[in-house]
Every structure is written in structure tokens, then in C-alpha cells.
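Below are two complexes that have chain A in common, paired first with chain B and then with chain C.
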Partner chain A sequence: MSAREKVIFEYSHPGRGASDQWPHDPGPAALADLPAALRRAQPPQLPEVGELETVRHFTRLSQLNFSIDTHFYPLGSCTMKYNPKACNQYAMLPGFLGRHPLAPESHGQGFLACMYELQEMLKAVTGMEGVALSPMAGAHGEFAGVAMIRAYHRARGDLKRNEIIVPEAAHGTNPATATMCGCVVREIPVDAQGDVELQALRQAVGPNTAGIMLTNPSTLGVFERRIQEVARIVHEAGGLLYYDGANLNAILGKVRPGDMGFDVIHMNLHKTFSTPHGGGGPGAGAVGVASRLLPFLPLPVVGKEGERYRWLAEADLPQSIGRLSAFMGNAGVLLRAYIYMRLLGRDGMRAVGEYATLNANYLLKRLMTAGFDAAYPQRRASHEFIVTLKRQARELNVTAMDFAKRLLDHGFHAPTTYFPLLVPECLLIEPTETESKDTLDAFVAAMSQIQKEAEQEPGRVTSAPHTMPVRRLDDVRAARQLDLTWKPTAQP
Partner chain B sequence: MAFIPHTAADVASMLATIGVSRLEDLFDEIPRELRIKSLAGVPEELNEMEIGRLMSERAAADGTALSFLGAGAYEHHIPAAVWAITTRGEFYSAYTPYQAEASQGTLQTIYEFQTMIARLTGMEVSNASMYDGASAVAEAALMAVRANRKSRAARILVPGTVHPHYRRVAVATAANQGLRFEELPYCTEAGVTPAASLARYEGEDVTALLIQQPNFFGRLEDVDALTDWAHAHNVLVIAVVNPTSLALLKPPGQWGARGADIAVGEGQPLGVPLSSGGPYFGFMTTRMEYVRQMPGRIVGRTLDVAGHEGFTLTLQAREQHIRRAKATSNICTNQGLLMTAATIYMSLMGAQGLARTAATCHARTRELVAALTRLPGVRPAFSGPCFHEAVLLLDRPAAPVLKALAARGIFGGLDLGAYYPELGAALLVCATETKTQADIERYRATLQETLQAARAA
Partner chain C sequence: MSNVPADLKYTKSHEWVRTLADGSVEIGITDHAQHALGDLVFVEVPDAGRAVKAGEACAVVESVKAASDVYAPLTGQVTAGNAKLTAEPETINTQPYGEGWLMRLKPAAGALAAAELLSPADYQKLLDAEGG
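The block that comes next holds the complex of A and B.
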């Protein structure tokens, strides 16, 4: 990869600037009415750089990244599939980009039609009765979902129900979300095969149960086989079932959360429906609900009356949990998901679930044959699976983190490491359906080579990466000697 | 299909390796009665040419009106370089930078962003961005409750001049955790929050005071007096600011004697297209002493094992993947791509370009207000200075007037009737640097004709 790049402030020269981009100077008279006491005394110290050096700087920075467009990115639970270029191009048509969020509905029928149809397609693929698109990330959708569960119980006068049950393998966002919604978290264990322990669940539910948050297939990469029994236990106790859609890609077109008994779901459109991850956002965390939660959907929702589309707001949904964004969530992301879903159609969506599962099971089998240990060898993989390197850690002193870092040298982004927390030295591997057999075979070859290296020359693995712009970074120093903004004299 | 590259031979060979005969066998752990045969309700696939045509028709159907809408989302010129670089696959299709060695591009961009935003707001530290301005306000309120150790009330004072949607988002986000938001009245003549209105809270436990500058009406609040009152009463100050305005207006870090404690805002004006409301990004800054109470991603510079500088996510002990139920927030993303666009935008504009943009917006809005208020039946709602946005009062209901203007290709502003019924027929209008004098004259002439027609009817 490229060498390191200076911080942009180090290119700055007083008086330089991309002035072709600036408006003409309106002169000081334009500001005559602004009281001096409210004016800024000194201009902000932004960089003073030309357009070409700005373009070069950020282009070079981009080249320091791994990305789907450049590398295989088998990051478990993140669904790093190809982001089709058409989705970006057509979402960025000038008519869509220029539309003000408060523009009248008469001048938004094209956009609103896309949003309405997106809602309808998401209902169809999840088996839910209503969808709202405004949550802006998976965790934001989780918040909306749990807030709706809470609002549902309150509307029934069932005020005690404030406990959210979460399996111990859950994403950290699940318990964090429950807390944000003012709920108490109860964690329950999973058994040796990765399924929820039903006895523990039966003991956990009761008159205080608001609901349970589940990912299915779970974060262990296996399908919760007794999901119908789980649903029965929770529903009989008066609780609701929340589906964390992080792993929806595994079952797209094959099984629907609504049919499993879930009452509310969030979907990570940036995973299953291939909107870009953008270096950590924007995502989109649309929520779907069963009929009893329809009155509580977050605002706004797009409705259709005759042939006209319109926003449904406070007056239409008076029991709504309210607004979670200033306007319409990540509208441009929603357009990309819409385009992706139309490109796939119903058969393409079914193929997603099938080929994501095929790739994961193939890669798992090949890695097991190559001598790696699966965390759940008796189980079918879903769209992802866990390899545990505890044997390598014990015998060779080479950890999952070392394997992950050495993979970077082989041109593969690392799988998810050390999650889920209950499997020691784990790599959570999700190839996605858009990767070819050739890529999967090359990944197996790299893993085998690293294994051989770990046996013969372990220092080479434990000191990896060797070919990246930086070596392993000192995270302790980063947290203790905080250097969060550039200063002319700062030395880290 | 579905961007899946497998040949029939690949599939056969892969199934043989796994030891099953059909794809369906891979789903044999899922109860049979749950498996569906097809997705009724989802249309057949379109190819790229077909979807291109459909989307082009829909984008064109929404038209390109001459817009004088603002209200939290502003039409600015975006240099071509901003999105040409932002949509490079290396930025666009990368994940959250957990593997720091393979993500130095994104991490360094965040570090540069944090530096620019801190300098723009005059604050000490910034995070890597939030979902949008409204959610940043909500998170700032939650953060203030953690940071203000002298207060137990979880009580936030919110002027009526704060964006109505921000106030609603704050309630929807934080009320479940017991926060109380109390509305401060504004002066209906001046359109600002009188510092005197705070007197009734003397001696009471108040956690934080929100101050939006410029406020929702475009009016300028007496930020120094409000800030000093808050600090004299152990109340933290949360500033809500427009980043463009900060090229000219006093930054929150310098409000009053001590400066604001937390400053947040909507980042959209910094190079992000209007795009029907998103994706945008929120920014959040604070004092160093509160950095551990701040939600969201933060990047720090450190050294690698060879002693070279590099960038990494830091202070992760605040976050959900470590702290789970005790995290500062459930947030696990920033708006990475928008933050990237904003960093490139701020680099190209610099302080001088941003100041010219702000001054031009302000000049255009003044010209707009002057032109429209010369018409009979149109007058300014408030006295006193505005910044790049203003409220006008009409002598007849606003909705039919706006509808008639829209029919002639002009978005004449936001009808405030649903938000501030006490103002009567009120319009919030904005003209940015994208508007010319000819555009303003077209609005004036069309409004004149519309009002004349309405009077004649």
C-alpha cells in the first residue's frame, strides 16, 4: 500500500485557497447589520490549500483504506457485499439530490413513490404489516423497536414491563439499546449447540417481561432451531419478540421473521440491501412491525391515497413514538436500497439467501479440511460461521488477532475478531454471496499459509502486519495521551 | 443474477465439497413449515437499463423549483471535487475502521474532520460525527445529564426558538430515560429568548440550557447573557449552531465568560446535498474535561510499534461493544461518508471561502426580505438582526399562497402555522449564495401577482 500521508494542515499556506469555488466577495457592507458582540473575532483556522493538492491529499488517503471495491472483506455480522454502482449513480440523479426535505408533496411524488414501494417490499420480505424507514442505522432501528415495545405495553396500562431479555451472544447494541429505552437487561445463556436455553428462558420471563431481542441466525452463525417455542414462551408471558436484522442476509427469500413469530424487526439496509458502509455510515435501520405495533411506528411514514403519495405525520399516527431524525432519515441511502431491491427482484432476493449460505458452508468446510476448528462443527453454517483459534493460541502462542493482522498482508480484510465474546479466540467469517469460489479458495490458501507460518516462524505472524501503512498501533497510548486534534506543535 | 458470480460448475463443485446435493439442503436445520417458496409482493427484477429509466423519470417528475426553503437544510454550492472523491470506492465501500492498519485513510480523515470542527466551533474536542443535527441535540442532552454532576434533575431548558423537529427528536430519544424538557417562551416581537425569562429558574435544579444560534427564525440570540446566566447557576450550556454561520459569528467556545460546554449542529451545509433530508451528519464538540461523557466514535493519533505516527479509534471503553448495557449510547457508527465530504468541503473553502459563502447568504437573504416586504401585505415578523434566514408575516393564510407559488415553480418558504400558530400567517424564508438577484426578483414579482390575484378573488 501507499506510504503515509501528511495531515492536511501541513500543506497549508497563508493566502492559498481553492478560490474558484468561492462566491464573489459581497464586501463588508453585507454584514453591517450584525452586532459586533455577536461576530467572530478571529477566523477559524481551517487549512489554506489549493484544489489540486486537496484532491491529491484525499485521493491518497483513500488509497490507505481497504474496501469492498479493492479487497475481500469477510467481516462477520457486517455483510460486506458488493455495492452495485447503479445504486449510487441513480440515487445521485440531480432531481433527487436537489430536493429539499420540506418541499411540497406535489413536487416529491417520484421520490415518495420509491419510498412507498420500498416500504411495501420490505414488508413482503420480512412478513411484517408495517414499515417505517426513518431510523438512520441499525442501532437507531433497535432504539425505535424497543421504544415501540415499551409504548405498546404502556398504552395497555401494563406499566411494570420494563425487562428486556437478551441472549449472552447478542450484539452489544442490544443491551445498550434496552438501557437507552429505560429498560433493564436480563441476559440468558445459550447451550453447547448455540441455541437459547429454553429452561433459562422460562425462568427469565414473567410479568415484568417487556420482550426479548434475538438475532436469527444468531451471532454464532447458526439458526435458532426452536424459535417457535421461544416465541410461544415469550408471548404467553405477555412479552414481545424483537428481531435484530443484522443477519437477515442469511435467510432472505427463504424464511421471514414475521412467520417465526417476531413482532418487531429492524433491517440493516447497509447489510442485506447493499447500501454502502461509507467508512462507518451512513447506514439505514428501517423497522417493521406486526399489526399490534402499527400505531407506534416512528415518523414520518409514506402513505398512499388513490394515486397520490403523502407523508403520514403526527396527526395520522398520534400514538407514534415520535420523530427520530430532523427530516426523513437517510433518504439517499433508502433510494440506494430501493434500486438494489428492484434490480434483484423476488428471484434475486431468494438467490441472496441461498448463495450467501452456500459460500459460508463451502468456506467453512474447506477451512475445516485445512485443519481449522469450527466453533459449532455439528451445525450447518448460516451466512457466516465461527472458527476458533484457541488451539493455536495455546500451542503456538499465536492468537486470533495475529491471524487477523497477518491476513491484511495477504490482501484480505480481517474477519470479525473476538466477537461473539463467548467463543475464545474466534474469527467470525461472513463471505457474502457476491464473492466467487476463486476468492474463497484464495482465502483458504492464505489461512493455510499463515497456519504454516505460525508453526514455523510464529514471530512473523505475531508482529504482523508488515505491509500496511502502519504497524500495530499503541491503543493504550492513544487513550492515555489523548491527541484528538492536530496542533502545529503536537508531537504524539 | 443478484451480483452472484457463480457458474453452474462452481455450484456443483461447492455442494460436493460440502457434501449435500441441493442448495435447499443447506437450510435443513430450519423448520420446514417456516420455509417459504417465493416472495409474493416483490416485483420481478429489472435490469440496469430499466431501473435507470425508471429512476430518471421519477427524479425528473419531482422537478427543479426555485427554492427559498431553509429551516435546517440549506442549498449551497458543492464543489465538484467533494463528491468525486467521496464516492471513490475506497471511501464509499469501506467499513468502520476497526482494523486500523487497513483503514488509515478513513481514520486520518476523521482526525482532520475533528480538528476542523473543533476549530470552527472554538471547542476543544470533536467526535467523528452523529446521525444528524436533531439526533446530535438529543445525544447532547443525554450527555449533559452525565456531565453535570451538580444536577440530579435531568431537566433541560429548551427555548421555543430551537428547531421544532430537534425538540421533538430530543423528547422521543431521551424521555424514556427520564429526561424532562421544559420549553422557554420567546419574545413574539423580537423572536428571541429573553435572558429575563430564566429568572424563574433561580434556585432550582436545572441540568442544561439549549441555545440555538442563529435560532430557528434566523434571529440572533443574546448568547453571552444566556450562557453566563447558565454558568452562574450550575447549568451546562448546549449550543446548537449552523456551521456556515461560524465563519462569521462568535463560536460557541467563546460564548459568555466561559464558553458553551457542548456544541452540536447539523453538518449538511458543509458539502452535503439536500437529498430529501438525508443522509446528513450531526457534529458534536465539547470541553476536554467531558470527553469521556461524549457518545460516538473518536479518533486519536498515536504511535505504532515502530514509533511511527498513526491513527486509531480511541476511548472505546465508552462504547456499546465493550460496555454493553452501561455504554454512553447504543451508537456504533458515525456518518462516515458525509463526514468525509464535509472534510473535503472545508478544505476547499477554507476560512475565507466559508466566510464569503456565509456573507453572501446573509446579503441575499437581506435583499430577499427587503424586496418582499416592499409588497403590500408582507412585513417582517421580528425586529433585530437575522442571519441568512427570516420570518415574514402575510396578510392572508400562507398555505394557499405557497401552493400558488409552487404551481409556478417557486418554493416560497416554510409555512410556520403548524409550528407557531401564535404568529399568524408566517413564512420562514432563506436565500443562500446559490440565489441571484434575478431569482429574488422572480420571487418578488410572482408573489406580487399571487397576492394581487388572491385579493381580487
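The block that comes next holds the complex of A and C.
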């Protein structure tokens, strides 16, 4: 395949550049109103590259991508589904693109109407009483959610409550969020079937319990069957229930977190509602709340009075936890989610949950038939499931990471590896509803082929990938000697 | 097969405990634990003087696969954290029961007797049950 694409600085030559396109040089006077201490002494070290070289460089880089538009991307817990092009097209309408966030409300009624309707649709699909759209990622939404739980207890003078209970199957971000919000994390175990151990939960709750953070279906890819009992135990102890929306795709249109007893939820619009995803953003982590948390929603929220839409601000929600982003968060991403939901409608929403689950269970059964071990073979999968390669690691010395790397050679993005931590040598596989049976069958064929190689020619698997621009990278050395800065080598 | 030295005590969460001549204890993670985590890239150890309770998360070990808390096997006061691990986390991979120790602890009165520690045989049984 192609040789390593160079860093753009390596194409740089002094004085080269698309100089005709530079802005008119306003001269040093333009900087006069900037205090001297804030001006840089040296010009920034920017690459000096012509337009065509720049275009080719970035086009080549883009061609190295594994993306949902080019490859099956069964990355468990991430819900890498197809992003319909129509969502992009309508979100790019000139009226939306040209809107200035500081324009008066009267000039943005269309946009505000979209945001208001998005809030209403998300309320309807989750069973919550209020929604705020501004958090800009899943973890940001989590932060908003736990901050609201804390604000609720504080407003009641219940100052002791600083413990957040987290099952061991939780997302890693849950304990991180609780800690960020000044809470203490109490971890409780799950049983052999993947359900929360109720006895451990009963022992963990008490007068210090602020709440519990749960994902349902859990990270083990199974539905928490005793969720109502969990809700009762936590509520009776005075705590609140937080729903991590990472796996909302599995239950879309079928079960609502509000009906399960949850008080607050974040939704990853970039997962469930199909906005572009990956590379750290731009995401959108809208939050929904039950009625008792309505006063604490982050700002801004869009309100409707008669036929007029307006921003609700501090005067409307004086107990709000505040503003978490500039303006409306990632407005363009929110628009894409809105259009996606309007395209699907209520029936389409239900079909998403059904096909996501059907695809996962089909793939699980086919992989089991092909000889792979499911981590929870007795449980029906939700929208994702776990295969454990513990046996292959022990008998053949071929690990989950080796399978993952070899899948790249077969044209498949690897599933999530080594997560959840509970299951050794695991692959967490999530096909999503948008994949065809042909694609799923091809994935099973690739896995079977790799298994055969692992038995007959294991070196082929343990040294994979063979067809990628770079081979197996030394991830240990990369972590131990963090070096993110390109430095010029001596000129010849 | 994991190495389980006969002269140590163990926890269900894969820590080991060695009683030293002066009555203090040395604590680390087991060979099984370092193997399951893989190559360690970051280790955080507690400072001397910190009081820890049995079961409290008191150190962090991080590999390219996962970050994991290490729990205090018994209540006491930290007398030393192994500072060498900050620069050379891989010591835990190569010598989990020797140079790769994480912390030393002066047990609170009666804490050693009260701690729920496993014998080498019982720890080996736990590993067998987990399909180690």
C-alpha cells in the first residue's frame, strides 16, 4: 500500500504559499490596540506550502481513514451508524449557516423552532419532563446531569449526599464524572448474568447517597431486568437515578428511561441520533430530567410563548446549574439530530431499536455457530454483545488485539477491544441497524478466516495488520514516551 | 500459569501482602494482575503519611488496555510509596513481587488480624475459578 504520508511541515519551503490569497496586510498599526505583552515576539511556525500540495496532502490523509462511509464499523458502545446525507444537506441550508448566534430572537425563529421541537421529541422518546440541548459531548452531558443531582440535594439542604453508586459494568466516564462533580464513587458488583447485585445495592445506599449512575442496556450488552427494583431501592434511600444514554439505541421507541424510574439522562446525539461521530467531536450530549430537576436545567433552553420562541435565561431558571457552552452548544450537530428524528418519525424510531437489536442478535448467533464464545451466551443481546477470545489466547496465544488488527486487513474496523474490563480478551461488537445481512455475513466470514489462520498460521494474525499504511504500532512505547510534537530533522 | 509465591497473603482483588520484620507490610499487585493488565505505562502510588482504610482505592495502575485502582488490603498508615515506579512502571511487569512493590503500610492496631486475606492455596483456587 501507500508509503507513509509526510507531516505537512515536511513539504514546507521558505517563501512558498498561496500568497495571492493572503488577506491584505493591514500593517503594524492594526495591532496597536493589543497590549504589547499579549503580542507574540516570534511569528508562528506555520508550514509554507502551495495550494495544490495542501489539497493533495489532506486528500491523501482523508483517504487513509476508516469511516462509516467506507467501512463496517462495529465499535461497541459507540453506535457508529450511518449518517444520512439528507441530515447534512438540510443542516447546511444557507439560512442555518448564515445565522449569527447573537442575532435577535426575531431573526432566528426558524432555528429556535427546530431546537424547541428537538427538545419536545427527545422528551417524548425518553419519557422525561424537560430537555436542555447545550452540553457538547456525552461526558459533558454527564457532568450536567450529576451537577443537577447535586444542586437538587443542596436546594433541599440535604448537604451530606455526596456518594454516587456505580455498577462495575458502568462506562468509565461515570466514575470520572462523579469525581469531577466532587462526589465519592461507590462501586457495586454485577452477578454472573450481568444484572446489578441487589443485595450489594441495598448495602451501598444510605443517607449519603446522592444517586446511582446506570447504563441500560448495560455495557455487557444485556438489559438490566430488575431496573424497577433498583429504582425503588435508590429512591427510598433518598437518592436519584442517572441514566447514561450510551446505549439508548437499543431501546429507542420501545422502553423509556422515564418510565423505568430515571430522574436524569444524557443522550449522545452523535450515537443514537446519527450525527457525525468520532475523533473527539463535535458531539452533543443533550440532557433530560424528571419534573423535580426541571429548575436546575443548564442554560440556554428554548421556550415557546404563543407562537414565538425565545431563549430561557437566568431570570427564567434562577436555580439553573448555569451555562456549559457558548450559545447553543454545537448548533449544527443539533440540527442534524433534529432532521434525523423528523425523517424517522415515531414508527421509524421504533424500527431503529428493533433492527439494531435484530442485527446484534443475528451476528451473535452466527458467530457462536462459527465457534466463538459469547460472554453471556444465555442472555439475549441488546444492540451489542461481547465475544471473549480467552480460549484462543490460552490455547493459540492469539489475543483479542490480534484479531482486531487482522480484521483491518479484511476491510473491517475493529470492534471495541478490552472493554468492558470485566470480561477477559473481549470484543464488544455493535453492528447498528444500518448494516445489511450481506455485511454481517461478510464479517462472520472474516472472523472465521482469522480463526483458521490463528490455528494454522498464527504468526500471520499476531503480526497483523499487513495491508495498512502502518503496521503494528508500539502502543506501550507511545504511552510511556509521550511525544506529540513534530521536530524538523537536519536539512540535507 | 501465574506465579503465586507461598510466603505471601492475597486479596480477591489481586493484591499481595508481605509482612516485614518490623511488623509493617509491603503491598503490590500479583503476577496474574500484571499479566491481565499487560504492559504498564503509568503508576500512581500514595504518599507516606496517608491513612488508608481496608478496601479504599489507594493506588492506580494503568496499562495500554485499562486503568485500574489498587485497593488497600488492610487499614493503616502509608510509610512509603515506591517512587521508582513513576519513572519505571514496567518494573511491576518484570518483578511484581520484588522491586515492583507499590507501598509499605504500618497496620492499625488489630488491622492485620481483621483483614480478609487469602492463603496462597485459596488465591490459586480463585485464579482457577476465574479460568486464569
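As a working rule, the second predicted complex is superposed on the first by the 463 of 492 C-alpha atoms of A that agree within 3 Å, B and C clash if a C-alpha of one lies under 4 Å from a C-alpha of the other, contacts with A are read in each partner's own complex, and residues count from 1 in each chain.
Keep this in mind: a contact is a pair of C-beta atoms (placed from the backbone, for glycine too) under 8 Å apart; a residue touches a chain by one contact, two chains touch by 3 or more.
Just so you know, these numbers come straight off a predicted model, no measurement behind them.
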Which of chain B and chain C A:Lys390 touches, first, second, both or neither:
second
Output check: A:Asp475 vs chain B and chain C. Expected answer is one of first, second, both, neither. What do you get?
both
Quick check for you: in the superposed arrangement, does A:Pro424 touch first (chain B), second (chain C), both or neither?
second
Return first, second, both or neither, reflecting whether A:Pro458 touches chain B, chain C, both chains, or no partner chain.
neither
State whether A:Pro295 touches chain B only (first), chain C only (second), both chains, or neither.
neither
Comparing chain B and chain C in the superposed model, the one touching more of chain A is B
When the two structures are overlaid on chain A, which partner does A:Gly206 contact: first (chain B), second (chain C), both, or neither?
neither
Should A:Gln63 be classified as contacting the first partner (chain B), the second (chain C), both, or neither?
first
Looking at chain A, which of its residues have contacts with both chain B and chain C?
172, 419, 475, 479
In the complex, chain C touches chain A at residues 36, 39, 41-42, 64-68, 89-90, 131
Residue numbers of chain A touching chain C in their complex, please.
172, 390, 417-419, 421, 424, 475-476, 479-480
